[in-house]
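Below are two complexes that have chain A in common, paired first with chain B and then with chain C.
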Partner chain A sequence: MARTSDVAAKPAAAGSAAARAGRRAGRSTTIRGTEVRTAYLFVLPALLVYALFMLFPFVTSIYYSFTSWDGVSLDLPFVGFENYTSMFDDGELFGAFRNNLVWIVVGTIAPVAIGLTLALMLWTQKVGSLAFRTLYFLPYITPVVIIGIVWGWIYNPLFGGLNKLLEFIGLDSLTRGWLGDPGTALAAVLVAAVWGAFGFVTLLLFAGLQSVDLSLVEAAAIDGANWWQRARHVIIPEIAPVLTLVTAITLIGGFAVVDFVLIMTGGGPGTASQVLGLYAYKNGFQINKVGYGAAVSTVITILTLVAAIAFVRLRERGRDGG
Partner chain B sequence: MASSKRTITLLAGALLVALTAACTGGGGGGETEGGADSGGKTTVTFFVAPAETPELDREAQALVDKFEQQNPDINVERETIAAEDQRTVIQTRLRSDNPPDLFGYDTGPGFAGVLAKADLLYDLGPAYKQYGWDIYDWAKQRVTYDGVLSGVPGSVEELGVYYNKDLFDQKGFAEPETLDELKEMADEFKADGLIPFAFGDQEQWPAGHIFSIGVSNMLGPEGLDNILYGNGKWNDPEVVEAIEVMFTDMVEAGYYPEDVNAITYEDSNALFYSGQAPMNITGTWLVSEVRQEVGDRFEVGFFPFPAIDDTGIHPPGGLGGGLFVAKNTDEPEATLKLLDYFLSEPFLQANLELTNTIPALPLETEGLEITPLFQEILNDLSQSSGETAFGYNIDVLTPQGFNDVMFDGFQEVLNGSRTPQEQADALQEAWAKAKAAGEVLEAP
Partner chain C sequence: MASVPAPAPNLYSPPNPIRRVIGPVVRYIVLALFAALTLYPLLLVVSTAIKNPADFTVDPFALFSSVRLENISDAWTVGEFGRYFWNTVVITMPTVLGVVALSTMAGYALARLEFPGRNLILYAFMLGLMIPFTSVMIPLFYQLRDMGLLGSLLAVILAGIGGAAGYGVPLGVFLMRAFFQDLPHELAEAARVDGASEWQVFRKVMLPLAGPGIAVLSILVFFQSWNQFLMPFLFVPGQENRPLASGLYLFATGRTQDYQLIAAGSLIMIVPVLIVFILFQRQFVKGVTAGALKG
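Take a look at the complex of A and B:
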């Protein structure tokens, strides 16, 4: 009996435990449901802000790109894909695209290369690292307008420091109006932009370097790996996620660039330093072709998305491949 | 624990409500902009570009303060907006619930013309009759869109050449009347190590003025009318020659600063103020600044750009913007009262003395304190007729799409990457497009 009752008691106990577990699970589900609702409530404000200030304008902009709206009247004539098809006959747009490509290549590689070099140097530097980090980061927190104006002064053909320096070291033949020469305008603006960006890259990569396993680096050194080999085969793979992130951010910035060009050259001389973002702005806000400007903006967004996704995929594939 | 979770949930909810209210403008708040304010005063908002210098801007504000003293029931909120931001700010604000009651804006088809087309401007025709504003007919035509008188012309401006009288006297030069005389002077100044003309085109629009001078002299107002309102073309040989004379020849002769596309308007003016350039090609809006910057260091004179070959002398003249009333103004009466004050003789005389602003209506100037330079300009303006009739400042009469081609293209002409003929063809192509789109001014 006792045995039976024992046996009987077990399932009963088991049933009771299952019931308790079920009740616990039910309570857990209820708690999880509350937590999820609370979480959504926390996320909702940010989501609303994002929807209101990012998604809504983005969707509206796409709609405008199918109209010939002048930005002022209440009339938004629908023109279908006309704004997009007319891009194929727009020479200035292709010129701007070429400049964007230059910007993306140079404006991504240069700050990442400089930033990585400096971050590695700072990482191995025990003295003055904080001071240098602060110094390198300063350009990044300086407003773009200030950077643009100051570099504009440096390049000024009447009193600029660059020409004075070149004259001082006997390279008079190289002096020129850097921002007014079609051959140098874009490069001159790019230099200012790279100067403004490398500090950000340096700081992020330096932060990434803090998680590198030093024993691996030491082991590589014991195995005879030189500085470059240690960096190439041990350190950089360790900071790959951060490196991917900063490269993607810089790359996206290259597509969306407007500020530096607008402040320093306005896209000139002529259209020598014109970029897609500025061209969209010019159409939308200066010559009242909002529809066309919106179409150019949409194309920039698509190009940026495609490039960013392709870059991240490539990076992931490279990492998976060893 | 449960209690703190509930508190957090409530806080999150409250934050959400507050944020939503903020995003949608909330409710229950009293109106603080426009209309009657808490003190029972009527508030008129007035958007305007800042004066050339902070000192001049303070003087302009003082004139508005005087109106408030004379009209204690009206409060004027004067807000200065940088010229480059005006387009976006004004277009956006005119569609808002609180549009500026009165605002200064360019009068061209690419500016106020666009606003008029969108039905955003107040019809001032009845106000002209009610207040008896005696504006010049040609000036009224510039602010009339689709037959509706929608603005009040601002200042009258002329493009010409400021010159350093001391340097001219040292050389024994008089004001030149032909291009050859001007070139001889420029050559001598250049030989002395000076830059003959202060000119910088980094902002692009200064080249539009140089072009206006050349094409006005070459074609005269009739020829320009033929292009603007008739069948004339921007790539006619006279226009090509004007571009050659004012751009290619000047650059090749070294009359403009080197790297002219890299020099800003301010820097080019500084070349003149510092005595490094004896001549400065620009407009009469700079008179006050010239007076302030040069001071007593040297005397400054002003002459219209001389005749090219055997053409006449037709300095571009026109309006330096205008004043417009928003169609949706809440306070039309007070706004028109302010506008009437701006057109009253005491205000115009004070403004003329303080900021050297030339009004677009007849004004008694006897007894006013006027500098010799400004008097010279006033004389020059009053002599404009027949052979010396004004030409036009092109960019205020043409749509922005055309101006864009003009500005970009002249930088390329200045750096030698585009020929005068190519630029003229590009201008004509842009003009044909604008004409087809109905963006050009109607014939007066």
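Take a look at the complex of A and C:
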């Protein structure tokens, strides 16, 4: 399994840069000149493709968000902050935002809780650990579109496995068309997304556990700490960096989710499972409110960047402390 | 506690003898439960893909009640999944090559060469790691339309390499830069002292050492490009150039619900990833782990 010690190793690289600069100082300026030229030649191709297909549309998106462009007409009417102010009167946007919050909270806590439990169980498991780990990882490499389709079958009101299971255990009253019921649509999509994500969390946390000092855990056991106390007070603090990392990745990605919802419910029934990303998609591609869709996209960008930067800060602070 | 601790105690066995048995049993039950939860949807795809149509009408989602392998070839030809498969190959292969080539060079320069603006360029790439596809999809659509690329496979290839969907050069540069930083400095310095040009140092000294990093990156890009849904769905609307993911989605949401062909098509899509996963499990896991540490 991969080691995660790279996380801790990163800051050390900064120190060697100074040493290298010192070594370089003695060399003649012509060598420095070719080095700089080579460096630009090496960086330029990647930078160009990146600027053209990522940075440029990113900037354009912000520009569009200040217009009321419909995607068709030749002129882009500038409207200032109107798209942003009109968001406060947009009920569907608020619904999407609320669903997005549910998505982020549940879609982060559930896979992390499941992944942590399984990783801890597999950590000291001697028989079959690799087989279990490989198996749990399979959903993560399964394409989202297939996850969406097959869970749609499981939720199928006529012959889906979930209703059959409920009938079998005598809970007939609970059977329903899970994706077609406004009360359960979002939860049903979330379950499929959690199914697709927990193996990834398990893998990363298991890798993180490999660097935990076993003697600490043994000492706690000898001192009479039970399973929960050892996990809570000894093991989890040891893997805190990886735990924060997986939490952050699942959380940050949650702001921009589109594919699961688009594939499974299209945001429906009605707008019951609408999320921000899909709402931006709807505005930009289906109802020709490109400017407004771009504004929603920009809100997603801001939320994502704030979360990502907060996480980077948090991690740096953790490093300084340790 | 009367018992003397054994040299290597089982950390999850409390001293109480009853709990010593219950602990592992509970653990196995939980592990097995999640194994079943993991397997059921996957087996459902395989089982549906090879089901006999007559049997299908009786109970569509009973597991492995009959076997008819012709469904797969039907999906390949009648369902057009053969065409979608090749489209996916034509998208994925140049994407992997492009990301690897561009990121290896840029990652090397950012890790090992010194030049003005290095940090600025590095931060620009890091920004690209954080911006989600959702944030660029709308303007990118119109940009590709204006460039005359919309609907072509090149649209997905170029935007993919650029990093719009998360597996492009920002990720590659980040991984390759970290990889080159970890390589020892002495070899390159020795070559420079011997009069090698910067290009020769890269080509003859550093590149031969970059194999493991390139392998990890290739597999990471391969699997994300192969599995991606939204970008080709948006930028390649026509049937001609459709890859597997959007082909499957549009087939599954079409008017006729041919579950067996959908399942067979899913199998066609998932098998290449599974083969790569089995063959290169170590690099695969390393790539996913390293890719996750990108923050």
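In this section, the second predicted complex is superposed on the first by the 251 of 322 C-alpha atoms of A that agree within 3 Å, B and C clash if a C-alpha of one lies under 4 Å from a C-alpha of the other, contacts with A are read in each partner's own complex, and residues count from 1 in each chain.
The rule we apply is simple: a contact is a pair of C-beta atoms (placed from the backbone, for glycine too) under 8 Å apart; a residue touches a chain by one contact, two chains touch by 3 or more.
Values in this document were obtained by computation on a predicted structure and should not be read as measured data.
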Checklist entry - When the two structures are overlaid on chain A, which partner does A:38 contact: first (chain B), second (chain C), both, or neither? => result both
Next on the checklist: After the superposition on A, what does A:156 contact: first (chain B), second (chain C), both or neither?
Outcome noted: both
Item to check | First (chain B), second (chain C), both or neither touched by A:121 | outcome: second
Next on the checklist: Output check: A:300 vs chain B and chain C. Expected answer is one of first, second, both, neither. What do you get?
Outcome noted: second
Checklist entry - Is A:168 in contact with chain B, with chain C, with both, or with neither (first, second, both, neither)? => result neither
Checklist entry - Does chain B (first) or chain C (second) touch A:217, or do both, or does neither? => result second
Checklist entry - Is A:200 contacted by the first partner chain B, the second partner chain C, both or neither? => result second
Checklist entry - Which partner, once the models are overlaid, touches more of chain A's residues, chain C or chain B? => result C
Checklist entry - If you stack the two complexes on chain A, which partner ends up touching A:78: first (chain B), second (chain C), both, or neither? => result neither
Checklist entry - In the superposed arrangement, does A:47 touch chain B (first), chain C (second), both or neither? => result second
Next on the checklist: Show me the chain A residues, by the header's touch rule, that chain B contacts in one structure and chain C contacts in the other.
Outcome noted: 34, 38, 42, 45, 49, 52, 71, 156, 285
Checklist outcome for this item: Seen from chain A, its contact residues with chain B in the complex are 34, 37-38, 41-42, 44-45, 48-49, 52, 70-74, 155-158, 176-182, 265-271, 282, 285-289
Checklist entry - Where on chain B does chain A make contact in their complex? => result 5, 8-9, 12-13, 15-16, 19-20, 23, 87-88, 91, 94-95, 110, 114-115, 117-120, 201-204, 257-263, 267, 271, 399-401, 404, 408-409, 411-412, 414-415, 417-418
Next on the checklist: Under the definition above, what is the set of chain C residues touching chain A in their complex?
Outcome noted: 1, 5, 9-12, 14, 23, 27, 30-31, 34-35, 37-42, 44-45, 48, 59-61, 98, 102-103, 105-106, 108-110, 113-116, 118, 121, 124-125, 127-128, 130-143, 158-159, 161-164, 168-170, 172-173, 178, 181-182, 185, 189, 192, 197-199, 202, 223, 226-227, 229-230, 234, 244-246, 248-249, 252, 259, 262, 266, 269-270, 273-274, 277, 281-282, 284-286, 288-290, 292-293, 295
Checklist entry - Across the complex, what residues on chain A touch chain C? => result 1-2, 4, 6-7, 9-10, 13, 16, 20-21, 23-24, 31-32, 34-36, 38-40, 42-43, 45-47, 49-50, 52-58, 60-61, 63-64, 71, 114, 117-118, 121-122, 124-125, 128, 132, 134-154, 156, 159-161, 195, 198-200, 203-204, 207, 214, 217-218, 221-222, 224, 226-227, 230, 245-246, 248-249, 252-253, 255-256, 258-259, 262-263, 276-277, 280-281, 284-285, 290, 293-294, 297-298, 300-301, 304-305, 308, 311-312, 315
